[in-house]
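Here it is, the structure in full.
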Amino acid sequence: MTEALVGEGRGANGAALVEMTMQQAINRALDTALREDPATLVFGEDVGRLGGVFRVTDGLQAAYGQNRVFDTPLAESGIVGLAVGLAMNGWRPIPELQFDGFAYPAVDQIVNQMARMHYRSRGAASMPITVRLPSFGGIQAPEHHGESLEALFAHVPGLKVVAPSDPNDAYRLLLQSIRSDDPVIYMEPKARYWDRRQVVLDGARAQAADTGGDPIGASRIARPGRHATLVAWGAMVHRCLRVAELAAEDGVDLEVLDLRWLKPIDTDGLAASVSRTRRAVVVHEAPLTAGLGAEVSSLITERVFCDLAAPVQRVTGFDVPYPAGPLEPQYLPTIDRILLAVQRTLEF
Amino acid sequence: MTEALVGEGRGANGAALVEMTMQQAINRALDTALREDPATLVFGEDVGRLGGVFRVTDGLQAAYGQNRVFDTPLAESGIVGLAVGLAMNGWRPIPELQFDGFAYPAVDQIVNQMARMHYRSRGAASMPITVRLPSFGGIQAPEHHGESLEALFAHVPGLKVVAPSDPNDAYRLLLQSIRSDDPVIYMEPKARYWDRRQVVLDGARAQAADTGGDPIGASRIARPGRHATLVAWGAMVHRCLRVAELAAEDGVDLEVLDLRWLKPIDTDGLAASVSRTRRAVVVHEAPLTAGLGAEVSSLITERVFCDLAAPVQRVTGFDVPYPAGPLEPQYLPTIDRILLAVQRTLEF
Amino acid sequence: MQTHAPPGAGSTPDRTGALPAESARRIYRDMLTARLLDTEAIALQRQGVFPAYVSLRGQEAAQVASAAALDRDRDFAFPTYREMAVALTLGVDMVGYLASHRALWHGGRYDPIASRFGSINAVVGGPVPHAVGWALGERLRGETGCAIAYFGDGASSQGDVHEALNFAGVFGSPVVFFCQNNRWALSVPNERQIAGGSIAARAAGYGMPGITVDGNDAAAVHNATRSALDRARSGGGPTLIEALTYRLAPHSTSDDTTRYRDRGEEHAWQERDPLPRLGTALEEAGHADTAFFEQIEDGARAAVERIRDGIATAPPPAGSDLFTYVYREPTEELARQQRLWREEVEP
Amino acid sequence: MQTHAPPGAGSTPDRTGALPAESARRIYRDMLTARLLDTEAIALQRQGVFPAYVSLRGQEAAQVASAAALDRDRDFAFPTYREMAVALTLGVDMVGYLASHRALWHGGRYDPIASRFGSINAVVGGPVPHAVGWALGERLRGETGCAIAYFGDGASSQGDVHEALNFAGVFGSPVVFFCQNNRWALSVPNERQIAGGSIAARAAGYGMPGITVDGNDAAAVHNATRSALDRARSGGGPTLIEALTYRLAPHSTSDDTTRYRDRGEEHAWQERDPLPRLGTALEEAGHADTAFFEQIEDGARAAVERIRDGIATAPPPAGSDLFTYVYREPTEELARQQRLWREEVEP
């Protein structure tokens, strides 16, 4: 494995603290999973010899062999279908779909098969599959190489959906997803792959129960604050933290809630935060209409209507396709737009 | 054509008034489109000789020949891909996907191709495609034969999405969709196919401009009321009308807003209704989480927050797969659940 | 269609003799039981017990004789929605199987893992890649099980089937692709479905054997399937079998064949009914006599009766089942919705 | 891989002689221009003008010689993301084409309908069914245009390509499926991509001719494409052509081939570079001399310079373009969002 060992130390319960990028953290989580559970398999397009287009699977084939880590032909529906069959035969597949926009060809296998097989079989066939999906924009990529499919997946019964925002969460949430006996869509924010931070490598077991960590579905207060809650996930968490810093200069104290799990959503966490701050702005990259921001907004409004000093604001991508290069920054929620929404909610 | 001519009469501007089922009304609209525009083509699985599994295309192949109305091989992605190519060559395709649950294999062609080709080509290639999709539950069908995909499609930039609730709207909205130069997902509520009502057959032209009718995106007040607004589409409109009747017996006067267009959504119409009634309940069949009800709820809340006497209530399917036979009525929003939500909003 | 030229003409009616007597008799028994159960199921639909049913009438040889080649301890079958006779042959609990047609549970109410017969799957083409994955899983574990994927002529048009064939070829998965070409995909005949006219001919393009068999000839089906399984089991990789047969009944009980096909065609295929054909062959080979047929028929009738009684008394699904099986590890949100259901809906 | 056995060995280097001199010279000119433009594009990426670029180096014969067989008044080409030389041959505005690599607009900034060359399409396999639809549209209108669908060896694994082949066969669409098998799909070689090893071999399964050509032999490619187009135009239906070639450059400027393939392999293919090969053949056939080559090279350099200048001065897209092309008939909701963008974002 290639992460730098600078900054290595020891955490609370003796776990190693290593500074690494998110891409390395995901690689490390895959390595852990492959090591600890011989039923895990990593496969997809170019994940073997190449180590993935983002090098997330770098070195894994060399370490675990072609039977555990392998390239597939170029067919996303086939990849997920393969995972379903492997799961029915007792394996714990971790397929990668190379880019968000290429998850669409696999939607039928994801929705009609993977997400429903446990239900259809009345619990006889479990689907412990983690679909890794490099997601979201921010890198001015070619068409289909930067998209946000969380609303689609969050609507599908039987799926769980998660999007980490930093290396430490990327590590833990991936292990949590892999160890879950339910199918999980694990959305990796490409724009944060090179973000470098400390990661608690708690060895063979990073699961909630073992580490006293959060259960599946738990959100995280990325920054506590009093005047309004910014709700975000993936790369937008960092943008919101930046907004909070800027707002702080004007004496506005923003809370940033990293939703993390997009299905199930931490309604209690949302309600607790917003009942304190009385104001909320939800931020996401995906287009506005029928985006997950609508769900977050509705959940908050349903739960803490009487505490709300203003309607929940949504700052999102516009209802247009993710655009090319120089237009992408104008499509994605800008710091200004988020600040303006904060102002609107404060002045409501 | 097979609709009964009983009840035939003349409408305001001399248009024929004919009583027919929704399935006949759709058939009639297709007939009108095929007759008036030689660029229209009807195709899909079993739409030709058989006339479709719901007989919606009955008689069309006989009337317009195998070049205009034809069966395709059994492949939904291929069907939509074919439509895209035909549209690029100047045709106006009206493909049918046989059942909602079988739209999933076509999602890539719908989202990555059909919905984006106009944008990708900077307006050079228009996509005047109307995808007919028998939709929603209520007929206790086999798996995949009753589903609600509107949230998925409403989230996709470049698409328009519509769901009629009665024969007259089915007729007009289909013609409007076909004549639109943008791609439209036309969701037919199967459970209402045999609903029989008067339809205004305004001859060759039933378009908004010609008939003084509503433009694309307009909702409809299916029943005016004062105490709360029920928002619904497809088969749920009728359920809401029934709820309104029952509520009226208790002196509660409910407005029922038939949203009709699920993209674009008639925000003005929603706001106008709810700013009067101050209370809203949105009802849909699809699962709760990230369903279109969240969007409707958010739009209302954003627009008329100060007028709202209670948070918008959502009464929806549960976050589970559409179940088999006897469980379906327990999955779908029941009259009781809607009434209880009305009560909650009134007593809030 | 060349593929559906009358198979009777040139074929030797007693190729059944190629089957060991015991196999042939067992296959006949299961085919007869399937036929009677199929007939019963249609009756149950007419009586309103089943909201709908999809008959396999005419395809008994294709289904039973192929399934009979499977090793029930090692292999695994991936069905569509029409493989009732495969289920029967593999010993699946038929009350549980028919629970799907009774609309008690999508996918049926049997344990697909224990039965080694996947849940009933209504997505045309959808389960075929699962067979490839399952089979690859066997190979990776160093075991010897094979998967068989059943699908129809219409399904052959689906991209998923192509992707599955290609994956199987690339990975050398021990899988048998078993296509029942019953000439019709609902109302669409082979001519408008299958470019080139032969599904078996597709196999060569994936570097695997493509076998066309008379799907109404139980012995031919059985032998072809057994060879393909042997080949797969010994590391030879996948095989595609196209069994030419005919859907004697409508697509489903809701279908009306008069809209799209000739009675004449149906009658011609009626005469190639695989069931009497195997019966005659058994008799001619001296493997069966009147006593045998009587005994078999009694047994089949008794079995069908037991299943019918089971169906009659099959309990409806509990309302709470709506929520029970969505996740292996339930979520708090779904538990909340279940509480709501209990308060507002539970009858 | 049998498919990629050195084509040089047995093949006659001067099959080019089979081309009329004028065609051969034009093809050479376009190949050379494409090569120079490709080289320039890589330089532009290094200079930071293009965020990324996908080189077609080594595939010039496959692209130019096939495109040169099209009738620019009637036919229509459906490209992937690597068909720059096809665009060039068809006379597409290359500044508009390269606007995609400059990240000014997904799909490029040329008119695909007027150019008879679809928008650049990054979904592997996705545009192939469009070609079938477009071609069917010609037939339905009683016209004589043909479509050509370009796709790669990796794309052949996609279900969409299979569905397209089958549809084309069933409808008899006048379409040519043109696969550039450049041996690699990013890092995955044919051996792990193509069950059976031959994409052309798939054609028989759809009842259409499957032609394997040496993709680095311009004449062979041109003739095969012309025959396929003639066949399609005269009602003979679709053809699948597999042009065996090689991606000499990395998958894209972001790729690192040392992780997955041998330099030796690259060198071997370098020696089968289609460009000098055609040049030599032209010379040997007496169709070209030094003066010709100098003139062609000057012309090509001048063309590339014009394109480079065009790229340098290509205006960035207007921010409002975000909204302009989403619909043909704009919605009020999107107009509202555009107003918001104007107030809160517009620079």
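Per-chain residue numbering starts at 1, and chain names A, B, C and D are given in the order in which the chains are listed.
In this section, contacts are C-beta pairs under 8 Å (C-beta built on N, C-alpha and C of every residue); 3 or more make two chains touch, one makes a residue touch a chain.
Being a predicted model, the structure only gives us computed values, none of them experimental.
Colleague: Specify the chain most distant from subunit D by Cα centroid.
Modeller: Max centre-to-centre separation from subunit D belongs to C.
Colleague: Which of the two pairs, B-D or B-C, is linked by more C-beta contacts?
Modeller: B-D
Colleague: Could you please state the distance in Å, as a whole number, between where the Cα atoms of subunit B are centred and where those of subunit D are centred?
Modeller: Distance between chain centres, rounded to whole Å: 40 Å.
Colleague: Could you put a whole-Å number on the gap between the CA centroids of subunit B and subunit C?
Modeller: Whole-Å distance between the two chain centres: 36.
Colleague: How many Å are there between the centre of subunit C and the centre of subunit D, using C-alpha atoms for each centre?
Modeller: Averaging C-alpha atoms per chain gives centres 44 Å apart.
Colleague: Starting from the mean Cα coordinates of subunit A and subunit B, work out the distance between those two points in Å.
Modeller: Measuring from centre to centre gives 33 Å for this pair.
Colleague: Give the residues of subunit B that touch two or more other chains, as numbers and ranges in rising order.
Modeller: Residues 73, 75, 77-78, 101, 105, 108, 112, 119-120, 143-144, 157-158, 264-265, 289, 319-321 of subunit B touch two or more partner chains.
Colleague: If a residue has to touch 2 or more other chains to count, which residues of subunit D qualify?
Modeller: If we look for residues of subunit D contacting two or more partner chains, we find 105-107, 123, 157-160, 163, 166-167, 170, 192-194, 321, 326, 333-334.
Colleague: So in the complex, which bits of subunit C are touching subunit B?
Modeller: 51-52, 81, 100, 102-107, 122-125, 154-155, 157-160, 185-188, 192-194, 254, 259-260, 316-317, 319, 321-323, 326, 333-334, 337-338, 341, 344-347
Colleague: Under the definition above, what is the set of subunit A residues touching subunit C in their complex?
Modeller: Listed in rising order, the residues of subunit A that touch subunit C are 41, 67, 72-73, 75, 77-78, 80-91, 93, 108-109, 112-113, 117-126, 128, 157-158, 160, 180-182, 216-217, 264-265, 267.
Colleague: State the interface residues of subunit B toward subunit A in the complex, per the touch definition above.
Modeller: 77, 101, 104-105, 107-108, 111-112, 115-116, 119-120, 143-144, 151-152, 154-158, 263-265, 286-287, 289-295, 297-298, 301-302, 305, 310-314, 319-321, 348
Colleague: Spell out the residues on subunit D that touch subunit C in their complex, using ranges where they run on.
Modeller: 157-163, 165-170, 192-198, 201-208
Colleague: For the complex, which residues does subunit B have touching subunit C?
Modeller: Subunit B residues touching subunit C: 45-46, 48-51, 53, 71, 73-75, 77-78, 101-102, 105, 140, 142-145, 288-289, 318-321, 323-327, 330-331, 334, 336-337, 340.
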